[in-house]
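Two complexes come next, and they have one chain in common, chain A, joined by chain B in the first and chain C in the second.
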Partner chain A sequence: MASTHTFTKLRYRFIPDHVIGELLSKKWIDNAIPFLVLLCVIAIFGSLIPNFFGGANLAISARELGEFGLVCMAMMVVIIVGGIDLSVGSNFALGNFMTLALLNLGGWPVGLAIPAVVLICGGVGLLNGYLIGFLRLRAFLTTLVTLIIVRAIVDMLLLKYAQAMSVSFYQSDVWDMIGLGGVAEVPSSFIILVIVALIGHVLLTRSRPGWRMMAIGGSRRSAHNIGLSVRGMVCAAYTISGMLCGLAGVLYAARLSGAGTDTGMGLEISALTAAVLGGNSLGGGRGSVAKALIGAVIVLVMTNGVLRIGLNSGSGPMVLGLTLLLAVFIDVRWLKNRDKLLSKVYVSPTYVELPTPRSTSVETGGAFALNDRLGQVEIIGLGEVESPEDVILDDDDYLYCGTRHGDIVRFAPPDYTSWEVYAHIGGSPLGMAFDRAGDLHVCVGGMGLYKIDRARNVGKVTDETNRSAFSVVDDSRLRLADDLDIAPDGRIYFSEATIRYEMHDWPVDALESRGNGRIICYDPKSGKTHTALRNLIFPNGVCLAHDGQSVLFAESWACRVSRLWIAGPKAGQVERVLDALPGYPDNINRASDGSYWCAIMGMRSPALDLALRMPGFRRRMARRIAPDQWLYPNLNIGCVIRFNDKGEVLESLWDQGAKNHPMITSMREHRGYLYLGGITNNRIGRIRLDKADPNWSGMRSYWGQRA
Partner chain B sequence: MSALVGSWLERFLGRGRAAVTVPPLDGALKPNNRLEDAPRGLASHAPDNLVACGGAVLWSSGTRLFRAAAGAEPEPVATLDGVISALAVSPRGQIAVACDGKGISILARDGTVTDTGRSSGWPSACITAMTFVDEASLVVCVGSVQTALDAWQRDLMEHRRAGELWKLDLAARTAKRLAAGLGYPNGVVVAADQSLIVSEAWDVRLVRRAPDGRELAIVLDDLPGYPGRIAASARGGYWLTVFAPRSPLIEFVLREDDYRRAMLAEVPPAYWIAPALRSGVSFHEPMQGGALKQMGILKPWAPTLSYGLVIALDTNFVPLQSLHSRAGGKRHGITSAVDIDGRLWLTAKGGDEIVAIDRAAGEVR
Partner chain C sequence: MKRQGDGRRMRVWTRYFNQERIVFALTVLLLILFALTLPKFLAPSNLLSLVRSVAVLGILGLGMLVVVLGRGIDLSLVATMAISVAWSLQLAASGLSVASAMGIGLLLALGMSLVTGILIAYAEIPSLFATLAMATFVYGFGRAHLITGTDVVYLPPNIGMLAGLGQGALFGIPMPIVVAAVVALIAYLFLRYTKPGRFIYAIGDNLASARIGGVPVRPILVAQYVIAGGIAFVAGLVTATSAEAMNTRVVNSNMIYDVILVVVLGGVGLSGGRGNVRNVIVGALLIGVLMNGMTIMDVQYTIQNVIKSLILLLAIVVDSILNPRDEQTGQQGDI
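On to the complex of A and B.
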């Protein structure tokens, strides 16, 4: 038994299951299947064809890829906006012919001829774009028509000028450089492709026009409704497509210097195949330059490979067709099931072995012994506040709490019956703290760290931190800022409970019980935010120690409280303060006698403690049964404990029947009273503390007597 | 081989037998609060088996036997030497009492006690239900011959099928085993055609058996909870008590062998993930997501390990109506029901209460 436990422990320690889900949640994972196909194709043809990986072969292929890749990108651009361009082949032929004509017959310089050709082909694209975008003709029919017409024009021009062109010959170093040369074995057409691809990628993924194209492809109606100029964008896409074809035509002309009736014949089919193989969705809205290029390489390797192997003429398209069929099949299944797969594998519980909890029984006694000291609690704001996760009082005795509506509500002393919305932030306001100036800092779940100044202006303090080097999910954004405290020098330490889940998915994080959370520090002097500690198990409450040298933080699912030194000789070190708690610690706050209050939001149950040692059980549970049926930490009962710097628990206050305060998430001592908050509750409680200093307030404890 | 692969696949994908499904409370079983809201209640510690006897009701509570007439206070009748696990009343008023570990005694109307039923060879432990076929023969359900009476949860969690059905001849002092290997038979009633209707709790079904014990038919199966005792109703049908609910989590744990074994070995029974007669007593009990109190309220449809349910069946065992005490309610763990003089009497073993519901007042149709 012991050895299987050790094995399980090691397995969950060293195999990062959660990464699979995180990888699957990435958008670029869509490229995985096309990329695998690419590797297979290269492996197969590389092994069949001798000298496939030789320098000469690669150079030739790369040169061809330069042209073909551009045409594929041309196709991709229109596919993204939900269209199709069948005229790429003809347009390509036109570009090829015009280049040769302008250079050989017109005697234009290269620097002028190339832009001219790009513009001419762009003109064809513009025609397509105008007809499809503005006149709302069908993309398929329109481009079929342009395919035929442009092909006809090229044929007519060829008839007239082919003779003249074939006798003349254009001589230019630049031209030779483009057609035959390159930089250190890398052909220039390939370099051009790479440059265009990089620009295209940036435009598509990181610029407004790119996003708009994606939006239009994703849902034309919605894009129109939010005010995008759908017609103009569609027209622009076809124009860009035409220009890319023109550029490809130029490269082809430079390589072969010949124009024939079969130039670019069937290119639209290859380009379409490549685009779809690469994973660009024909429905629009899903595509990228990388996908187009992956598709281009696959198609090029296959068509050339089939030729080189020496199969008969029909087999090339046959192989291509079958591959396309397979790719489309896999792509459809992938698209359909990706989210299902993701939802199944994202939750990845890990091995947690909690120490035996301290006893809460009355018989054995001790600080945790059950009692009913919270039974006589006074109720504040019953039914008027919802989800007061944290409560805080200022020096004028006003009581503040957050609500799930995103408000900060303020109750007026002395009886706390009247209240007002102090400020509206949005999100889920959680932990709160006052700074020296009396500005209220609030951790807002789903938003970050916010501040409300004394004039009630709400401002963002920070909502991002440094991204860690090896995290798959983007952990720079704050998902669940939970509780904070402010050091004497103004630095704000706050906890982020989990980086893998949103606010309302916290139970899933409890199910995982992995170290998904962190302690983050915001320095107002530099305005910078950095992560101070990571891989904490649901870090929750944060409290500055009485001497200001360290912050205490609670790790809820680990049932422990630790100390992070922020000043003095041990700065940066972490040490354990409380361990083996019988419940899940939440917020920590100062007590008047130099000790600390800690809310225990729920209690451990033996059945769950056992399940924590069986990650497989929890994983299957997450998959097989509805979240409502999951085994949760028992949060229907709570207590408040007081402990000191030495880690001794001094007393506990219970609400045994949990009539008023199930799930206590916060408590705050103020002038002889203890105020209680709970995130699932609709009331605030307060109870008189007999032995507490009736003049003590948090504000004075932190910032001294008011001037 | 293919069967092996198939079962592995089922477990891996959670399909087929590995699918965790519980029938919904629907139709006649649609949840209501009629049991919870019913007015009258007599406090009694863990009342278990309730029978009608001469216009009054008689019930067992631990080792003691109580009696109450309508409207009257309960009075103790007898205290026996063991936990009373089942009662039965013959048409002429003989009372059979099963004491766990001791055996069956017969209390005659005149007050004489015969301990014939305690002779060797007769079932004596874990007797869950009894019924008289006639004055001289008694049909007895033995929940499990492997597990003690109070460890019924363990019997379920260990997937045991060790229940037996016996017929005792009180005149000839013989006993005959009618069936064995049953999934916790927990209730028996003689139908109009003299066949026996037996509720098999772990198989969540009612089975019709011939007087000699042959299985004739499954008359009701895939119940949403574990069936307990069954009694004839005044209108010709039956009242079926359901002492604990099924839930997806329990069904899931029943399929998770490693966890189940570890739980049985390490966790105190009161804190198991298992059906229970009462729940919410200790915070060491497992809590499920939907049972988290929100804004101070526990939703009645929250997942729960205990429940109060009694189902009215017609003569063909089609559910007609049901009375519920839902999550967070008090009247959980209904173990027996008796329908006399227009009044339905129930034992809420988990709620420590005898509940009487007036049918005349329209509380039950």
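On to the complex of A and C.
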């Protein structure tokens, strides 16, 4: 038994299951299937064809890839906006012919002929674009028509000029360099492809026009309704496609210097094949340069490979057709099931062994013994505030709390019946703290750390930290900033409860109970944010110790409170303060007598404690049954405890009837009263403390007597 | 108020001129034009050869129609036609009885299109792509394993009566026209009066609501492609018997584009649910009149192509102006 436990412990410690879910949530994982196909194709043909990886063969293939890759990108651009361009093959042939004609017959210099050809082919694209974008014709039919027309024009031109062209021969170093040369064994057409691909990638992923194209492809109607000029962008996409075909035609002309009737015949099918194989969705909205190029390489290797193996005339198309079907089948299935798969594997529980909880029974006594001291809580703002996770009071006795609607609500003393919206933030405000100047700092779930100054201006303090070195997902954005406190020198320490779940899913993190959270420090002097501690199990409440040398923080799902030294000789070290709590600790705040209040937001149950030692069980649960039937921590009843710096729990306050204030996530002591907040409550509570200093306030405890 | 009434009348007027009527008017116009300018154009023998020249295209167009109505497209029609018929002819030449050779060829055509249908209906591969890949595969498979030797398979001498399908005549009307007419009639009856036929329209109109309405969407989709495959085999038989050979290289030609042209020209919507047999007949007739007239005028083949495509372009431009597509109701990914 013990050995299996050790084994499970080690297995969950060293095998990072959660990475699978994170990998699946990455956008580039879309390319995984096409990339695997690419590797298989290269492996198969590489082993079948002798000298496949030889320098000469690679150089020839790379030169061909230069042209074909450009055509595939041309197809990709229009597919992204939800169209299709069947005229790429004819346009390519036109580009090839025009280049040779301008150079050989027209006697134009290379520097002038290339742009001219690109413009001519761009003109064909513009025609497509005008018809499809502005006149709203169907892309398939329209480009089918241009395919036939342009092809016929090329054929007619060939009839007229082919003879004249075959006699003359264009001589130029630049031209030879493009067609036959290259830089250090790398053929120039490949270099041109790389340059165009890089520019295309940046434009598509990081520029306004690129984003607009993706938006139009993703949902044309929405793009139209938010005011994008859909028609213009569609037209532009076809024009770009035409220009890319023209460039490819130039490269082809430079390589072969010949124009025939079969130039670019069927190229539209190969390019379409490549684009779809690479993972660009017909219908738009999903595509990238990388996808187009992966597809281009697959198709090129396959078509050339089948030829080289020397199978009989039918086998080439047969293999191509079969591979296509298989790859697209996998791709379609992948696209359809990716989100399903992701939602199944995202929750990845780990092994947690919690120590036996301290007893709360009345018989044995002790600090946790159940009582009914919260039975006499006065209720403030019943039904007027929703979800006040934290409460805080300023020196003028105003009471502040956050609400789920994204407001900071302020109740006026002395009776706290009238209230106003102090400021509107937008996200759900969680922890709050005042700084020396009286500005209110708020951790906002899903948004980050915000500040409301005394003039009620809301400003962002920080919403990102340094990215972890080995994290698969970008964890630099703050997903769930939870509670904060401010050190005497102005540094703000705050907790981010989990980096794997959004605000509304926070209880799901309990199922994982992995160290998904962190303590982050913002330094106002440098304006920088850095992660001070990571891999904490739902770090929640943060409180500066009375001496200002350390920060106390609660790890909810681990049921413990720890201390992080921020100054003095032990700076940077972490030590345990409280352990084996019977419930899940939430916010921690100072008490007037030099001890600390801590909210226990929910109580542990033997069932969940057992489940925490059975990660496989929790994983099956997350996969097989609906989220509302999962085993969650009990967050219905809790208590408030007081403990000192030595880690001794001094007292606890319960509401056994669970009428007034069962669920507590925060509490503040202020002038002899304790104010209570709870994230699932619709009220704030207040209870008189008998032995407390009636003049003590948090503001003074932190920042001294007001001048 | 009066203005509004005018507007409505205007709208009705433009509605009347849908693509089918425009194309039909164009056909009549051309017919008159050619009749006036070209001698012997109106001669019965010329008119018969005119219709006969587009009979195969028309038959294939009917196969395409069945698929397009269900919001699909079948680019493998020509490949299926060429390979299945060529294999039949080769089997017959190798000594098999004509009937069983034809039966096997038909089974091949139906089997291949069954696979296509399953890929589209059950594996949910987009039809454009699945049929493109199947066309490549069918051609490759046929050339590699079924038809050995040449590209062209000639009619075997034991073909007998079947040769009449391409070369014979019924009451003076060439058999290809008769076959096309029979196929058109069957297709019309099927689409108009049978349950699966109506279901095809329902699926083409709105697949999701058809499914909710209890239409067996996937089997119907498969059936569409199988029907198209069967029609392709018939078209192939007519082609082979009238040319006395089946040239498998036809797969690499523009023929599939011509088939789409015939279908779309008549006003069948590629987005499905819109169109009927009449549209295909009108489209085929226009192409027939054009090609015949231009052949008499001795217009070069490439220029014929250009003119054909320009007419298609004209038809869809006029259609899109008269019946503009709205950004709010346009279907996403509708190419």
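In the analysis below, the second predicted complex is superposed on the first by the 707 of 707 C-alpha atoms of A that agree within 3 Å, B and C clash if a C-alpha of one lies under 4 Å from a C-alpha of the other, contacts with A are read in each partner's own complex, and residues count from 1 in each chain.
We adopt the following convention: contacts are C-beta pairs under 8 Å (C-beta built on N, C-alpha and C of every residue); 3 or more make two chains touch, one makes a residue touch a chain.
Please read these numbers as outputs of a predicted model, since none were measured by experiment.
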item: Fit or clash - chain C, chain B, common chain A; value: fit
item: Touching partner for A:348 - first (chain B), second (chain C), both, neither; value: neither
item: Partner chain(s) touched by A:224 [first = chain B, second = chain C, both, neither]; value: second
item: Contacts of A:241 with chain B and chain C, given as first, second, both or neither; value: neither
item: Chain A residues touched - chain C or chain B, whichever exceeds; value: C
item: Partner chain in contact with A:139 - chain B first, chain C second, else both or neither; value: second
item: Touched partner set for A:83, first chain B, second chain C, both or neither; value: second
item: Touching partner for A:270 - first (chain B), second (chain C), both, neither; value: neither
item: Angle, in degrees and to the nearest 10, that opens at chain A between the C-alpha centres of chain B and chain C; value: 90
item: Which superposed partner A:320 touches (first chain B, second chain C, both, neither); value: second
item: Minimal inter-chain CA distance - chain C and chain B, angstrom; value: 21
item: Chain C contact footprint on chain A (complex, rising order); value: 82-84, 131, 135-142, 144-145, 147-149, 151-153, 155-156, 219-221, 224-225, 230, 265-266, 269, 272-273, 276, 281-284, 311-322, 324-325, 328-329, 332-333, 336
item: Interface residues, chain B side, partner chain A - complex; value: 14, 18-20, 247-249, 252, 256, 258-259, 262-263, 266-268, 271-273, 283-296, 298, 302-303
item: Residue ranges of chain C touching chain A (in the complex, touch as defined); value: 119, 123-126, 128-130, 132-145, 252, 254, 257, 260-261, 264, 270, 300, 302-303, 305-306, 308-310, 312-313, 316-317, 320-321, 324-325, 327-328, 330, 332-335
item: Sites on chain A touched by chain B in the complex; value: 386, 507, 603-608, 610-611, 614, 616-617, 620-621, 623-637, 658, 660, 662-663, 680-683
